Structure formats: C-alpha cells, structure tokens
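Paired with chain B in one complex and with chain C in the other, chain A is shared by the two complexes that follow.
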Partner chain A sequence: MRAIIPDALKLQLRYPARAVGILGALAMAAAVFMPWAYGPGALDNMTLWASPSPLQLFFGVLALLVLALLAIPLVGKPKLGRWAHILAWNTSAKTSAISALAMAGVAAIAIAIELGGVVNLDPGAWVALVGGVLAVTATLFLPDSPPPSLERVKSAKWLQITGIALGMAAVLFGAAYGLGLSDAGAFLTFAAFLVGLVLILRQFGVFDWLSIAAANNRQVLVLSAFTVAFAFPFTQDGSDATMSVAAQVLIFAATALGLNIVVGLVGLLDLGYIAFLGAGAFTAAVLSESAFATIDFHPPFVITVLISGAVASLLGLVIGAPTLRVSGDYLAIVTLAFGEIFRITMNNLDGNDGPNLTHGSNGIPGIPDLSLLGFDFGQPHVILGIDIGRFANYYWLMLLVMGLIIVVFTNLNHSRIGRGWVAIREDELAAEAMGVNTFALKLLAFSGGAFLAGVAGAVKAHYDVSVTPDQYVFLESAFLLAAVVLGGMGTVAGVLIGATILKLLPEKLRFFSDYRLLLFGLLMVVMMRFRPEGIVADERRQLEFHDDSEELADEVEEELIAHHAHLNPDREVFEL
Partner chain B sequence: MSSNPDESGVGVNAGEVLLDAHNVTMQFGGLRAVNDVSLRVHTGEIVGLIGPNGAGKTTFFNCLTGLYKPTAGSVEFLGEPLPPKPRLVVRAGMARTFQNIRLFHNMTAIENVMVGMYSRTQTNAIDAIFRLPRHRREELASTKRAKELLDFVGLTGSGDSLSRNLPYGDQRRLEIARALATDPKLLLLDEPTAGMNPQETRQAEELIFKIRDLGLAILVIEHDMRFIFNLCDRVACLVRGEVLVEGTGKVVQNDPRVIEAYIGAPATEPDWQQPGDRPGEGVADA
Partner chain C sequence: MELFFQQLINGLSLGALYALIAVGYTVVYGIVQLINFAHGEIFMIGAFGAFATWTVMGRPADWPATTALLVLLPLMMIGGMVAAIAVAVATERFAYRPLRGAPRLAPLISAIGVSVFLQELIRLFFGTNPFIPSSSWPVRIPGWPDAKSAVPFPSVTGISGEIISIGGVTIQMPAVFTLGALAICTVFLWYFVNRTKTGRAMVATSQDPDTARLMGINVDRVIVSAFAVGAALAAIAGVAHGLRYGNIDFRMGFLAGLKAFTAAVLGGIGNINGAVVGGLVLGVAEAMATTFIPGQFGSSAWKDVWAFVLLIMVLVFRPQGLLGAKVVDRA
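On to the complex of A and B.
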C-alpha cells in the first residue's frame, strides 16, 4: 500500500481521510442496530431493528475500535503524551478497518448463501459494507505510524498477572462461544472477528507485552492455562456435541505432540505416524472387556495404557532400527510404507490369512467405557449443578494425559537429550563428530514418540467404542504432520493451536467437507509463503525473526560480503 | 622451537606420542587420495599440515577422526587403535573443527557448546523427564563450563545469540569452543583462518597458543603460510596424497620440492621447443 499512495499525498490528505474514516466507522456502528438479513435462518437472527444479535455486537466492537483509533488522535499530541508514540494509531486503525470489512464481508456472503441470494441482504449489511469500504479506503490514505512499543512500558507484576488472566478468560469465552455456534456461517463470521481481533491486538503490541508478561510469570501462565482447559466443560452445560469435538481435539493434539518430537526436534520426516496411534488403540482394544476382544487377559486400564505405549514403542524400535540409517526423503518413503503395512496387516489378522487378532476390517467393536477407581466414564455426573457427560469425562482424562505429555516433551527438550536432538536436526554429521550418539538418539525419539502415540491410542479406543483398521489411514498421518507444521515445529503451544484448527474446522464446517483437503492444501501453501515457521515460532527460531537479530543478521551478511570482496584480492595466500 | 631438530623434526619439548598414524592409505575407487602417510603428534605440540588444494589434507583428517576408515595402515591414539566411529573418537579425546563452518545454526552459542559436552555427560531420558538430581547437577555444571569456554575463546556475552547471527570470526571461535567442550587431548583444526582478515588471523593465532598452554596438542591444516610457520613446532607438507617433507617450519619453507609443489618448477625451456617435437611440426616435415 505504501508504494501505491505516495507519502506526500498522504500528508496532504490526512485530515479529509480521517474525516471520511470516522464517517465510515459511524456508519458501521449504526449498522449494528439495523437488520442485516431478510430471514432469521441466517447466522444468529439479524432481522431486527435496534436489537442487535451477538455477532452484530462483536462487529460493533470492531467499528468502535476504528472510531476510537481515528478520533482520539484528534485531541492532539500534547494531551496524548507518550501514548501518542506507544500505540501505532494509524496502522492499528487500518488493521481494524480491514478486519471490520472482512467480517462484514464474510457475514454478507454467509447470509446470501444460506438464504439463497444477495437479495436477502437487508440495509444493515449494506451500510456495514459501505462503511467498511469507506473506512478502509480512508485509512489507506493515513500516514503510517511507527511500530508499537507497548512491551517497553514498565508494568507491575499484578498488572501482568491480570493481563494473563484476562487473556485466558478471553480464550475460554472465545472457545465456549465459538464452539457453541452450530450455524456454519455464524461460526465463520465469528472466526473472522477473532482473527481480526488478534491482528488488531498484535498491531497494538499486546502480544509482545503478553509474551514478556508470560515469560516473567511462567507458573501463573501454565496454571491459568490448565485452569481454563479444566473449566471448559462447565461452560458447555452438558452439551455433548461440543465436548465430543473437544475430546477429539485433545486426542489428536496429544498424538501430534508425540510426532513433534520426531519431526520438530529431530527433523525426521515420519509419514506413517498414525500407525503408532493405531497400535496403541488395537492393543487397548484386544485387552479390553469387549466381547470381541481376542486376548483373554483384561488388566486394569492403568496397566493397559502402559502395555499399549510399550507395544507402540516396540513397533517404533522395530521400524526405526533398520530405517533410521536412511534419512530425508528415503525415511519419509519407508515410514509411509510402514503406515500402510500396519493398516493392511490389521485388516488381515482376521483368522483367514493369519491369527484372528483384530477381526479384520470389522475391527473390535463394543469396547466398554473406562472405569477408574470406581469412576465410570460412561455415566454423566452432576458437578456444581452442571451436567458433566461422558465426553467431558474423556476430555478431562485426555487433559491429564496431555499434561503428562507436555511435561515429558518440555523436560526432554530442555536437557542434554533435547540439545542432541536439535543438533541432529541442524547438522547430523557435525553432531556425530561432536560426540553425539546420533543413532541412539534418533531411535529414542522414534520409540519415545511412538510411546506417547500409543498412550493416546489406548484412550482413543475406549472413547471411540470401536477400533477398525480404516481409522488409521495415511491421510490421518498427513493431518498430524500438517498440524505440527502449521502450528510451529518444535513448540508445544503451536502444535496445540495447529491441532485445534485442523480438527475443529472440519467439525464446524461440515458443508465444506468435500473441499476439506483443498482448503487445507491452500492453508498450507499460504502458511509456507507468509509464515514458514508456523503460527507459533520455536524460541530457537523466534530469535531469527526478532527485529534486533534481523538487523544483526543483515550486518553479519554485509560483513561477510565485504570480507570476501576485500579478502580474496589482497590476502597473502602463500608466501615462501 | 627445537634448536637441534632431528630428521623428523620432533622438538625437544615434545612429550609422549599422542597420535600415531602409520602408513595410512585412503583409496576411493581408482583414486588414491592419501598414500602411505605416517604422522606422529606428541603432547603439547602444534603440528601443521600444509599442501596444495586436493593434496588430501582433509581426507587424512577424516581418517584420523573416524569419519573415514583408512583402506590400509593404522591409526593409534594414546597407544590404542582408533575407535571406528567419530563419536567414539571424540570420547577417546580427539576433537575437530570443520573447513566450512558446521555449527548448529538455529541453536544459541551456549547450546552449541553444550552439545559438545554430550559425550562427557550421562543424563538419560528418565533423569531428564523427572528432573532427577543428576540432570540438575549436570545441567548446572554444563552451563557453567560452557560459559567459561565462551569466555576463553573471547565470546563473552554472546551466549544467547543464535550461532547463525554471530559475525564470521566469532563463528570460527565458537566452533573451537564447541570442540574444546568435548574435553579433548588433541584438537584438529581444519583451516581455522579461512576467510579471516589479517587481524582476525592474529587473534586466532593467539587463541591457538592459549589452547596449547592448556596442555592440548593441536594438529592444524592451513593455507596461510605465515600463520602456519609462526604457529607450528613442526610442519608436514602433503602433496598428491604423500608426505613430501616433514620438519620444522624453516626446513619445510626452504625445501625446493615444496616450492615446486606450490608454484611449479623454475622456468626451463619446455621440451617441445626443440625442433621436431612441436605438435604438428613433424607432420610438416614428413
């Protein structure tokens, strides 16, 4: 944009542009109180005058942000004091305007599709769109502001902790509200609002400030994150639909975290990882109390979990020992083949072609619900007057498993072993030449990651009630890998976010299911183009993208070039 | 420097034999990259290895550090045959740097050094997962030692920078710190001053003397002759896979064969200038 509109013109037009922008913002704010859709079936009933629906109110938040960001600087620099520089007023206003327009656009498209035509858009939607276009156009003509410096503002410890708590509360509210939306258009509109809000807050420098606050109060952060995750079922009031999705997200994320060790830390491309989840699930299934279980040995679940992990881990060793000598593309092909071999083997262990272990493609159905310490996971419970259903029980169990996996992952990552893993990822030959036992470490990563997947698989078997080979196809491996790459290789938070996105979107956008792969493919391409390090960057990689380091890196680069330019001609290479 | 160098050039201050390479030959198919090379390094010694490009210096280095297994000949370190794997060679007490810097680029400087300590620490996965005392003890000790090593090579305060973001000369020094972290008795440096300006080269020289004063022996490959003759007690010149000369800097520097290997023989009239030998001339005569 900077290139399109010359700075001189921006300077000239800054007052009219601001006025037009404020006009647009006022129009958007007014649109909140107008009907957007002709019928109540679209989004969340936007048909009433002066009685805004929740989504319209969210849109109002964006409109007010645009208004405030454009109007407040009018009081003048002296009155704003240092805040004139701390917040990037103009740039934030631009981001807000674009976000508001995008949200209005998504809402309008959704209404048109759901009610069958643009004719169903009521005046409110048009006013919002026109206001958005006005605001965006106007803010494009405002001079750019310097980057925000909110993170440099000294803030007291209580303020930081409050900030973290507020952030977590917002996450809880956003998740509870977003998951509660059954209408796909409403969900997309809300998602557009969330993405816009995140971008605006980033523009404010809120995330830089939060990450510093989080680094200073690590325990508070971890504790509050778990509190929020734990409290989530209470916001659903016994709704099974949402909790079942949430439990699936956790199972998927736990598996992705195991894969993250192999791919993110050690840099081994494993395309057959789902087989380890399957191995855990099948082991738990044949050892369960199901009438179709093929092994007459039914240990308590705590033992079953360990056996499942061990079986998966053993499989990892068997596969890893011969194949980890190859690397890169070759390893990817070998693991891909292994994943298929696993599925086909499970299909064939039906008594005809081999021992009857899995009932072939029928799998093992009727796996009973878990019962731990007299607590039956299948029965709903009432806690604090709120119904906690079957899925919420599994959700909490997976939360516990997830907590353990995160502890294992972070502790290993920040140890001699983790450093060895990353060294292998960076330069295997140099690692070996520095005394790192590369083969043993790769094998440890492979079997350790498999163990974690096996544990997740054991819970999944009981959660799913039945285990069949066709649940563990290559596509699932690809999704796991996509979650790791999308979220940010080598990080915990990133993989959790990536797994949530990849598992949540197909559940919420069922009408889109035919184009699911297309959507994910596009998402990956866009990510690789604009943010190759993933949504959350590894702290090791994060340093690369930090402004100061970037400048330093440029300097180093220049220095290197200068080096080679002046060295080669005048250096005395040989002198006898 | 020795006042009375014998033929092999072993200085009077040299101690026991650390590394004994005996008739090492390395053959790649039809190419004999290293041919029957013998070299000894004693404790407390700085030995230089020079030679024109393609002489087989780095190949010889790789034979010494377990990256290649020599086709013939033997390498003994501290009287024991060399273990077959690079990491076991490191354990035995030999560490190296690379001709092209091979740091772990996306790790911080201090993490790079701590990777070097891998073979000297014992923390296993169980210790790390449960944060057992051994893990915490070793982690503290490693961090402290890594900081000392960074100070030693002159990288004080750069510990938390990503190694890729360090200036070029610092990257070379970090590689040396990482090699020192393996607690070696013999340090092998493969062209430690490649790409450095004269000032950085002098700093590298000082650093290598400092390392020698710690009691380490050093074997160094270099192209910069002033650097190598300042630095080394003994120099071996490798040409086409064979040791041409071995001795003190002075002996090697003045050897006509070395000069010839580098800049060619003095200009004599080539044979073809004699009548009848020039290409085509014989044909014309006929």
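On to the complex of A and C.
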C-alpha cells in the first residue's frame, strides 16, 4: 500500500481523508441499527430496525473502533501526550476499517447465499458495505504511523494480571459463543470478526504487551488458562453437541502436542504417529471390560493407561532404534511404513489371518465408560446446578492429560535435554561434536512422544466406545502433523490453536466437507511456502526458516533486549 | 519347483512395476536430496492420463491386436506421460523450488500436502467440469466416469486377459508388458544418463551441485528434467498397473509409492541401477513371502507387512542399500 499512494499526497489529503473515514465509520455504526437481511433465516435474524442482533453488535465494535481511532487524534498531538506514540493510530484505523469491511462482506455473502440472491440484502448491509469501503479508502490516504510501543510502557503488576484475566475471559466467551453458532454463515461472520479483532489488537501492540505480561506472571497465566478451560463446560449448560466437539478437540490437541515434541523440538518427522495413538487405544481396549476384549486381564484404568503408554513407547523404541541412526529423511518413510504395518496388522489379527487379538476390521466395540476412583465417566452429574454430561467428564480428563503433557513439554524444553534436542534440530553434526549424545536423545524423544500418544489413545478408546483399525490411517497422521505445522512447530500455544482450527472448522462448515482435504493439502503447501514457522512462531524456529533475513534477526534481537529490560529492570544494558 | 518359478515370474513382474516408480524417487533424491512424497501420486496421475486419452479417443474397444498395440497403447502411454510430466514439473516449480535451501522438514511437509492435494484433485474433479458455473456445481462431463470410486481401466486387445504358458508356468501378458517396459526403459535410461548432455549434467549435479553450476550447468533445468524423467517412467508404470489389475483409483499411488520408495532404499537411494534391482528384489521377496512363509502369516494379507519389514531390516543392516548408494546421508 505504501508504494501505491505517495507520501506527499497522503500528507496533503490527511484532513479530507480523515473526514471521509469518520463519515464511513458513522455509516457503519448506523448500519448496526438497520436490518441487513430480508428474511430471518440468514445468520442470526438481522431483519429488525433498532434491534441489533449479536453479530451486528460485534460489527458495531469494529465500527466504533474505526470511529475512535479516527476521531480521537483530532484533539491534537499535545493533548494526546505520550499516547500519540504508544498507539499506531492511523495504521490501526486502517486495519480496523479493513476488518470491518471484511466482516460486512462475509455477512453479505452469507446472507445472499443462504436466502438465495443479492436481493435479500436489506439497506443495513448496503450501508455497512458502503461505509466500510469509504473508511478503507479514506484510511489508505492517511499517513502511516510509527510502529506502536505499547510493550515499552511500564505497567503495574495488577494491570498485567488484569490484562491476562481479561484476555482469558475473552477467549472463554469467544469459544463458548462461536461453538454455539450452528449456522455456517453466522460462524464464518463471527470468525471474520475474531480474525479482524486479533489483527487490530496486534496492530495496537497488545500482544507484545501481553507476552511480556505473561512472561512476568507465568503462574497467573497458566493458572488462568486452566481455570478458563476448566470452566468451559459450565458455559454449555449440558449441551452434548458442543462438549463432544470440545472433547474431540482436546484429544486431538493432546496427541498433536506429543507429536510436537518429536517434530517441533527435535525435528524428527514422524509420519506414523497415529499408530502410537492406535497402539495405546488397542491396548486399552483389549484390557478393558468390554465383552469383546481378547485378554482376560482387566486391571484398573490407572494401570491400563501405564501399560498402554509402555506398549506404545516400546513400539517407538523398536522402530526408532534402527532408523534414528540413519539420515532424517529415512525416518519419515520408515514411520510411514510403520503406520501401515500397524494398520494392516490390526486388520489381520482377526483369528483368520493370525491369532485373534483385535477382531480384525470390526475392531473392539462396547468399551465401557471409564470409572476412576469410583467416579463413573458415563454418568451425567449436576455441579452448581448445571448439568455436566458424559462428554464434559471426558473433556476434564483430557484437560488433565493435556496439562500433564504441557508440563512435560515445557520443562523438557527448558532443560538440558531440551537444549540438546534443539541443538540436534538445528545442526546434528555440530551437536554431536559438542558432546550431545544425539542418538540417545533422539530415541528418548521418539519413545517419549510415543508414550504420550499411548496415554491419549487409552482415553480415546473409552471415549470412542469402540476401536477399529481404520480410525488410524495415514491421513490422521497427516492431520496431526498439519496441526503442528499450522500452529507453529515447537510452541504449545500454536499447536493448541492449530489443533482447534483443524478439528473445529470441519465440524462447523459441513457444507464444505467434500473440499476439506483438497484445501488441507493446499494449505500445507502454502504454509510451507509463505509462513513455515506457523501461526504462532517460535522465535528461534522463525530465524531457522528465514536465516537470510537480516531484518528479522535484528527484530528478534531487539525484542529479546526489550524483554530482558523488563525482566531485569536494574540492568541498564543487556548484551546478547 | 513349478510353484517357485511361478512366484518368481509373478514377483519379477510386480517388481518391475515398483522399479519403474522407484527410478523417479532415486533420480530426484540423487540430485536434490528430497524424498518426493508426491511421486506415488504422479504414478496415479499417469494412469488417469492414459485413461483420459482413451476417453477422448472415443473409448475405442475391440480393435484388432495390431492397431491396439501399435496405435492405442502408445497413444495412451503418451497421454499418461504428458499428464504425469506436466503435474510433476508444476509440482517442482510451485511446491519444491521455492523451498530449496529451507530446512529439510519444509519440503517434506510440502510434499505431503502436494500428495493429499493431487489425490483429492483427481477424486473431486475427474469427470466433472469445474469451469461451468451452475446451480449443481461441479457439472459432470458427459461420458466421463467419476473417479470417486475405482474406474475400470480400458482393455487393450493383445494384452488384457491374455496369457502364455511355458512349461507349467503361466505368464500373463500385462506382466510381460511390464517387464518389457522396464527393460526398454532401463536401456533408455542408461543411454540418457551416460550419453546425452542433459543426462551427464544430471550426474554432475548429483555429485556436486555447486561445482556443476560453476561449470555452466543450468541446475534448475537439470532438476526439472530429473522430475520429468521420473514422471515419464511412473506414467508407464501407471499404464502397466491399469492393464495388470483392470482398474485404477485415486488412492492407488499411496501404497505403490511407499513400496517403490522401499525399493529405492533397498537398491541404494540415489543409484539408478539400484532402484531397478531393488524393485525386482522387493517384488520377488513379496511374492515368495506369500508362498513360502508357513502358517497364517504367509497369507497374502501380510505381504505388505513383509515388504515394510524388509525396508526396516535393510536400514538396520545395510543402510546404503544393496548396490551401495552414490549419495547417502549428505545432510
């Protein structure tokens, strides 16, 4: 954009542009109170005057942001004081305007498709669109602001904690509201709003500030994140539909986190990871109380989980020991072959082509619900007057498992072992020369990752009620890998986001299911091409992928210095 | 003994199929050290390209053997090759070339994406016309089959369903076709690599890309030609697969690609002769395993497992492969 409109012109036109932009923002704000659609069937009933629907109110938030960002600077620089520099007013206004226009556009398209034609757009939608176009055009003509410096603002501890709490509350609310939307158009419109909001907040520098606040209050962050995740079932009021999706997302995310150790930290491409999940699931199924279980030994679940993990990690050792000695590329193929061996073997152990262990392609059905310490996971409970169904029980259990995996992950990441892993990932030869026992560390990661998958698989077996070999095909491994890649290899937050996106979108966008895999393949190629480090980038990883970018190196260095200045305020200078 | 020779022939013809695909893995790996994960899909697209050519020709059936062998089969093979080469070159251009010099994980992940994408592309769009907007999009092309399930491959008079028997051993004509194709391709490949300028440039690049570049070799073009050669052979394998099994489907590239990669590793990845030998050995091993392993584990349901066990064994005991690789572990 900078290149298209010359700076001189921008400077010349800054007052008329601001006026037009405010006009556009006002139009958008007015559109909130107008009907957008002719019929109530589209989105969330946008047919009424002066009675905005929730989505319209969300749109209003964006409109007001544009208005505020354009109008407040009119008081003049002196009155703004240091806030003139802290926020990137003009650039943020541009982002907000673009986000608002995008949201209005998605809503208009959804209305037109759901009601069958553009005729069904009522004046409100048109006013919003025209206002959006006006605001975007106008903000394009505003001079660019310097980058925001919110992260340099010293803030009190209570403010930081409040910020984290607010962020977490917003996540909880967004998740509960978004999951509750059953209409695909409404979901997409809401998603457009969320993406827009995140982009605007990033433009404000809120995320930089939050990451510093998070680094200063790690316990608060972790605790609040878990509180929010724990509280989520209470927002659903016993609705099983949403909770079953949420539990599935958690199982998927926990497995992806395990894979993240192998791929993200050590850089070993494991394409048969789903087989370890399957090994855990089959072990748990065979040892369960199911009438179809083939081994007459039914230990309590606590034991079963450990056995499942041990079986999976044993398989990891068997596969890893021979292949981890040779070049990394082989590992990818061998694990892929192992995944196939696992699936075929489970198919064949049906009493016909081999000893009967798994009932072949029929699998093991009728696995009873878990019962831990007298708590039956199949029974609904009432807590604080809110129904907690079967899925919510499993959701909480998976939350515990995931918490365990995250603790393992972060502790390992910051330990001697973790540094060894990263060294192996970055340069195996150099790591070996520095005395890192590369083979042992790789084997540890590989079988450790398998153990975690085995544990997740044991829970999954009980959650799914039945275990069949065709749940554990290569495509599932590819999905897990995609979650890790999409979110950001080597990060916890990124993988959680990636797993949520990959599991949630297909659930919400059913009309789309035929093209899901096509887009998924394309997404992986495009991701590798343009943002190989994923949505949430691990800084070191980002440098690895863009090792010729001097600019990025400087940026990361500067960020580290700023970060350190916050952590150690007494030290004046920090040398890298 | 008869059984042994029968299985030897079966194994060799199966192995010839693997060998034709394996060459593509090995050539590309030798030059760019990339496991072209999508190569199995190129094989599948070759088969569908041949099938599409046949459909465009008006689905000729019951041609006399001479015209079928001299006109229909070559045209189908050319159609398959064109499709396979076009897709392979496009893949290289858009998915792999931008990632040259990136960490090794990046192109591998990209290759998985390409693999899934190509499978879905065939599944969704084969026989449908995505360019005509309509309420019931996508629109079907009249007379074109849908690739969402297995598609019967056209039969070629003189090959499909014919058998010859020598002694007590019966040999199916598609098997003869596969072995013959492998023989011709091997000769062609030998000539191409050792006698043509592009082939020698390929060898030079695989030995040392930087020096090759200094010597005035256009490395980009060499890489493209490596992809193209691999794709052409994979397309021939695709036609052979169609003739052998009588139908093709969009999923067939996955397992075939995996087996062919096993063959390439078995022979020593990066070594073209090794790929041919490795393919034949793998095919024979698979055929023998289903016959001579006693008990339940000798049933054909386990043959894929034995092939992959062989892969793991080779990596343990002889990671450089049977013939020794020219480039191994340069990472």
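Note that in this section the second predicted complex is superposed on the first by the 528 of 576 C-alpha atoms of A that agree within 3 Å, B and C clash if a C-alpha of one lies under 4 Å from a C-alpha of the other, contacts with A are read in each partner's own complex, and residues count from 1 in each chain.
Quick note on the criterion: a residue touches a chain if its C-beta (ideal position, glycine included) is under 8 Å from a C-beta of that chain, and two chains touch if they have at least 3 such contacts.
None of the values given here were measured: they were computed from a predicted structure.
Applying the stated contact rule after C-alpha superposition, one finds that A:Ile319 touches chain C and leaves chain B untouched. Of the two partner chains placed around the shared chain by superposition, chain C is the only one that A:Gly521 touches, whereas chain B remains out of contact. In the superposed model, A:Phe338 lies in contact with chain C only, and not with chain B. In the superposition on chain A, A:Pro233 contacts neither chain B nor chain C. By the touch criterion defined above, A:Ser415 lies against chain B but remains apart from chain C after alignment on the C-alpha atoms of chain A.
In the superposition on chain A, contact is made by A:Asp353 with chain C only, not with chain B. Contacts of A:Asp427 after superposition: chain B is touched, whereas chain C is not reached.
In the three-chain superposition model, chain A touches both chain B and chain C at residues 544. Taken in their complex, chain C has these residues touching chain A: 33, 35, 94-95, 98-99, 102-110, 112-121, 124, 254-255, 258, 261-262, 265, 296-297, 299, 301-302, 304-305, 308-309, 311-312, 315-316, 319, 328-329, 331.
Listed in rising order, the residues of chain A touching chain B in the complex are 407-408, 411-412, 415-420, 422-423, 426-427, 429-438, 444, 448, 538, 540-541, 543-544, 549, 552-553, 556, 559-560, 563-564, 566-567, 571-576. Interface of chain B with chain A (complex): residues 65, 67, 85-87, 90-91, 95-96, 98, 102-108, 111, 114-121, 123-125, 127-131, 135, 138-139, 142, 161-162, 164-168, 178-179, 182, 195-198, 223-226, 253, 258-259, 262-263.
Interface residues of chain A, counted against chain C in their complex, comprise 263, 267, 269, 271, 319, 322-323, 325-330, 332-334, 336-338, 340-341, 344-345, 347-348, 352-355, 428, 474-475, 478, 481, 485, 489, 514-515, 517-518, 520-525, 527-529, 532, 544-545.
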